[in-house]
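What follows is a group of structures, each given as structure tokens.
Same chain, two partners: subunit A is paired with subunit B first, then with subunit C.
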Partner chain A sequence: ILFIFEQYFCHIVLSPLIPEMATQEVQLNETLAHLKSESESLKSKLEEERAKLHDVELHQVAEKVEGLGQFVMKTRRTLKGHGNKVLCMDWCKDKRRIVSSSQDGKVIVWDAFTTNKEHAVTMPCTWVMACAYAPSGCAVACGGLDNKCSVYPLSLDKNENLAAKKKSVAMHTNYLSACSFTNSDMQILTSSGDGTCALWDVESGQLLQSFHGHAADVLCLDLAPSETGNTFVSGGCDKKANVWDMRSGQCIQSFETHESDINSVRYYPSGDAFASGSDDATCRLYDLRADREVAIYSKESIIFGVSSVDFSLSGRLLFGGYNDYTINVWDVLKGTRVSILFGHENRVSTLRVSPDGTAFSTGSWDHTLRIWA
Partner chain B sequence: MTINTLAKGGWHREQMTCFQKMEKVIVAMQDPDMGMKMRNQRLLITVIPHAMTGKDIIDWLMQNYNINEEESLHLGGFLVQYGYIYPLKEPRCLVLRPDESPYRFQTPYFWTSTRWPVSELDYAIFLAKKNIRKQGELMEYEKERYSVLHKRINHTWDFVVMQAREQLRASKQRRKADRIVTECQEQAYWLINRPPPGAPNALDMGLERPSSCTTRMTLWPLNAMICCSNTIILSVRAYVLMCRFVKYSEQYQNHDPIMQGCLPSNPWISDDTAHWTMNAALVPIPTRLRVERWSFSFMELLSDAMGRQEFMMYLEKEFSAENLCFWQACEEIRHGESSKIVEKVEEIYKNFLAPGAARWVNIDSKTMDKTLEGIKHPHRFVMDDAQMHIYFLMKKDSYPRYLKSDLYKSMLSKAIVPQETKKSVFPFVRRQRHSSPSPAQAAEDSRSKGPQAGSD
Partner chain C sequence: MSTSNLIAMKKVVQQLRFEASINRVKVSQAAADLQQFCVQNALHDPLLTGVSSSTNPFRPQKVCSFL
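Moving on to the complex of A and B:
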């Protein structure tokens, strides 16, 4: 079946209507309609094949696994200092420092353990939706409505304005939704409202690779912890989660089972799967080798969208930050909800587990960050 | 009531999904069989029909969604906050009280999901009605807004006042119960669409996202499907795949601090950083759990600085240390600065690949040829194939032997199992939280010390 379609691989952009191009437009539309129906039929054939191999669900296999007891998790630290909604945060590899960014344009580096603020940067734009800590701990990257991702080396000189040494790395044509350093301080991966992801060289600001395939804003991304370390996953407003090869720029796998925008994606610790959180109020687990969704984490009483997800160190627990101000803790294997945590006074916008798994941090529209353990 | 029902334009997709789900709950609550039992509620001397108490709402949610009281109150609170249920008593406050306070379902006419372009005119009429009905009933912020509106739409002010009077007159002819209900409905509607200053804005949904994704149509999925279907044909049965999740979780369970706790204590809970000190990058003696983890996978061993160090020592004994050195050098190319790629590739060729090189690595001839060819035009990924070859060589050969070696076994037996910290005798006395040197500081120190500083 397959070889016929190799020739149909294409990327088409609909142009605005110009009267002279009307007949061309009609022809183009007809070809598109034809291709679309071919695409749909291949898609359904593929689902049939997948279904044949799909003989069991994750929670069925996990029936024999011991259930989890009650979890007592509390807020251990509250970080106050942002003047507006906290939009994003990231952990430093030293397991105690974090960087956070806010709607008011401020990016703050904290020692979360002591709750001291160590650095603060004022961005030239509001809505700083993305921030990331460099693996060395010596710099942070951030961006948002300025459509850029900038790297700020962290200086300890109290008199020095961090903005002075700022390096502009990424340039998109719409807002920056997420950014992440790869294994070193030298490369950054970004996703944007312009529908693309891109890999950049920090030193030169050069674009190393771009990733096209999403049909709408890309909202999140996560790098795979695999041995060969060459893939990442992204999620967007087109309800798709795509897995990409960083070297070639190709989309190697795609998953579309969510019913609304995907706000967050995170790899399972082994790298064989990833979880996603969406505005449809569900979290889902996708197995990369089985090439399908293997679990849904939802409850009828959970109505509000998930803004961010992350796994505990063993991958047994999935934490979800929700727009109803709560955090729901899920048993990844059994698919049940283990616990619900209250505390924030507005929606939880970002959630990350610390590098050694001792705690997780949440940022909220209530202007604060909390550390839970 | 004059509410414009003009354009029902694009609303945020996110809001619509929420509202649809809330409406599902509301409809279920009003189901004749499974829904709530509604009754007449007494409000001072008036009896309002089809009402329920806050407690009724919470009980119904608890029963039907199998959740506890706290969660039920939280969920019910949103139904009120978004105006699907409104309070009859104290209508200014959109809060759910878990007691006998009376509530009612909002009429769909006023549902938040039906997108109104809320017009200034309607708000002006609402405020005018309130002002006329009882002098001084307007709150401070309402008075302010009233006067702002008065200035802004002054030209239609006569119409505003006339409409207000007309609506008040019409309502006087209705029963008191109906009048109260309508007033509450309206008040709730305006509390959401024109919230008082400082109150949570229920309609704050953050940045606008595009309402549709039609303009960029891609047919790339065909390509992906070609790759996917190949994977399916070669993949194993789902059962085996699912089992891997169970196995992984079991293996790592003891290492998961949130699930099993950590020794001597979780720093975030006890304020004691001993756990971090014991597990620092390079310590004289590592903890038992850490050394055990090296045996889980080759990647675990390599990603731990100490593990890598130990493995290097072992390889040196076996005279195959060049493999790990080669692998590390390749990593530096892959993740390093673009400007240094050429010189690094040169170095690697000189040290590891050139015939007669000091630390020659044993790669199969096909890969060697390909790599040597690629070196002529060096780029970031030129070493990938060779690197992978050596990686899998170490993984399949040296790594398993390392785990069986005396070096590893003695490390495992020497490793510390920290004592769990006894709970403090005075739990209310908080330990002092010590700060730690920032990584940026450490980097700056080593830079300032210069080449005289000892190596890591």
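Moving on to the complex of A and C:
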């Protein structure tokens, strides 16, 4: 109706003055209407195709798998030192060091075995929402309300002022929500409140590729395991999880089943699926080859949002950090909760399993990090 | 104004055409593969199997001493 009205209105206003323009306007609107209906029919076709292959549920296939026993996981280390909410953390490939960032602008590198702080740097901004360890272990990247991602080389000299060697790499037009090095120290992938993700060259600061498609803030990202190739997944405030081709910048798959912001996305270890955690209090599993959601991890009693998710090494367990201060551990195949862990005294904001799978770390608004095993 | 709407709409349609054209497998097949991966790697998953204190650096063998 809107198109017809516009067409009619333009005809009345413009035709006495410029007849050709009026005709063009009409043609444009007809093409727009045509495209709109094509998009609607493509969307239904997509849903149809996905539904055709939905022959069984994951938990049904998993009925024959042995159930999991009781889990005894406890806090084995508590890392104290941040003066405010811990927002993000990442493990070093050496399986013992951790970098964490907080609301007060502090970025700290810890030895998780001894709980010693090895490096500390104060960012010029508050709310450092993203931090990442470089694959070499020789640098860390971080950013937040400064809209940038900066790389700090880590010096062996503990007294050296890290801030002096800081390198600004990424520039967004809104806050930095997440960052990750690719499989080398040379490139960083970022996501931002400006609705985009971007790939940067660390040395030159050059933008190598940008990823457009989210309709609102992008909150999280995860790179596919190296065996699966050059893709990554992102999640945002538009409730969508998008899978991207890193080289072309194209969105290759998109999933929209969450009912609220997606705070965390993490690939299943085989690379064939990914999990997401959302403000809608659920975690979900999306299979990339079936191109659909294949499991929902939820309980009526869980009403607070999930901030962060990660898999155990085999992919059998999914750990979720929640805004109700707990960690829920899910049996990925059967869809049931196997454990609930208490300890933090405020929201769990970040959660990562260590590179060798022997433990997982959580960061919280209670200013601490905990190592669980 | 209409031209930019048109360009945006064309992109949406192009993207949808692309997404509609990908090859998909049945959930039964995908689920079986996910399960197989779990089972194959179960023994190498310390958080799943629960490694003993002697091998997990975060679970040190308890030797208490009063200083």
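Note that in this section the second predicted complex is superposed on the first by the 330 of 373 C-alpha atoms of A that agree within 3 Å, B and C clash if a C-alpha of one lies under 4 Å from a C-alpha of the other, contacts with A are read in each partner's own complex, and residues count from 1 in each chain.
Methods note: a contact is a pair of C-beta atoms (placed from the backbone, for glycine too) under 8 Å apart; a residue touches a chain by one contact, two chains touch by 3 or more.
It should be emphasised that the depicted structure is a prediction, and the values quoted were computed from it without experimental measurement.
When both complexes are overlaid on subunit A, subunit B and subunit C end up clashing with each other. Using the contact criterion defined above for the overlaid structures, shared-chain residue A:Glu118 touches subunit B, although it does not reach subunit C.
When the shared chain is aligned, subunit B comes close enough to touch A:Asp238, but subunit C does not. Once the two complexes are overlaid on the shared chain, A:Leu351 sits clear of subunit B and of subunit C alike.
Legend: residue contacts after superposition of the two complexes on their common chain; A:Ala170 is shown touching neither subunit B nor subunit C. In the superposition on chain A, contact is made by A:Val72 with subunit C only, not with subunit B. Contacts of A:Ala132 after superposition on the shared chain: neither subunit B nor subunit C is touched. Contacts of A:Asp261 after superposition on the shared chain: subunit B is touched, whereas subunit C is not. Legend: residue contacts after superposition of the two complexes on their common chain; A:Ile303 is shown touching subunit B, with no touch to subunit C. When both complexes are overlaid on chain A, the residue A:Leu221 reaches neither subunit B nor subunit C. Overlap of the subunit B and subunit C interfaces on subunit A comprises residues 32, 35-36, 39, 42-43, 46, 49-50, 53-58, 61-62, 65, 68, 73, 76-77, 96, 113, 213, 250-254, 268-270, 272-273, 287, 289-291, 294, 312-317, 332-333, 353, 356-360, 371, 373. Across the interface of their complex, subunit A is touched by residues 13-14, 17-18, 21-22, 25, 61, 65-67, 70-72, 74-75, 78, 200, 206-207, 209-210, 213-229, 231-232, 235-239, 241-246, 248-253, 255-259, 262, 266-269, 273, 275-276, 279, 298-299, 331, 334-339, 380-381, 384, 388, 391, 433-436, 438-444 of subunit B. Across the complex, subunit A is touched by residues 2-3, 5-6, 9-10, 12-13, 15-20, 22, 24-35, 37-42, 44-48, 50-51, 56-59 of subunit C. Those residues of subunit A whose C-beta lies close enough to touch subunit C in the complex are 25, 28-29, 31-32, 35-36, 38-39, 42-43, 45-46, 49-50, 53-58, 61-62, 65, 68, 71-73, 76-77, 96, 112-113, 213, 250-254, 268-270, 272-273, 287, 289-292, 294, 312-317, 332-333, 353, 356-360, 371, 373. Residues 2, 5-6, 8-14, 32, 35-36, 39, 42-43, 46, 49-50, 53-58, 60-62, 65, 68, 73, 76-77, 85, 92-97, 111, 113-114, 116, 118, 127, 129, 136-139, 153-156, 175, 182-184, 186-187, 193, 195, 201, 203-204, 206, 208, 212-213, 215-217, 225, 227-228, 237-238, 247, 250-254, 259-261, 268-270, 272-273, 279-281, 287, 289-291, 294, 299-301, 303-305, 312-317, 323-326, 332-333, 340, 342, 346, 353, 356-360, 371, 373 of subunit A are the ones touching subunit B in the complex.
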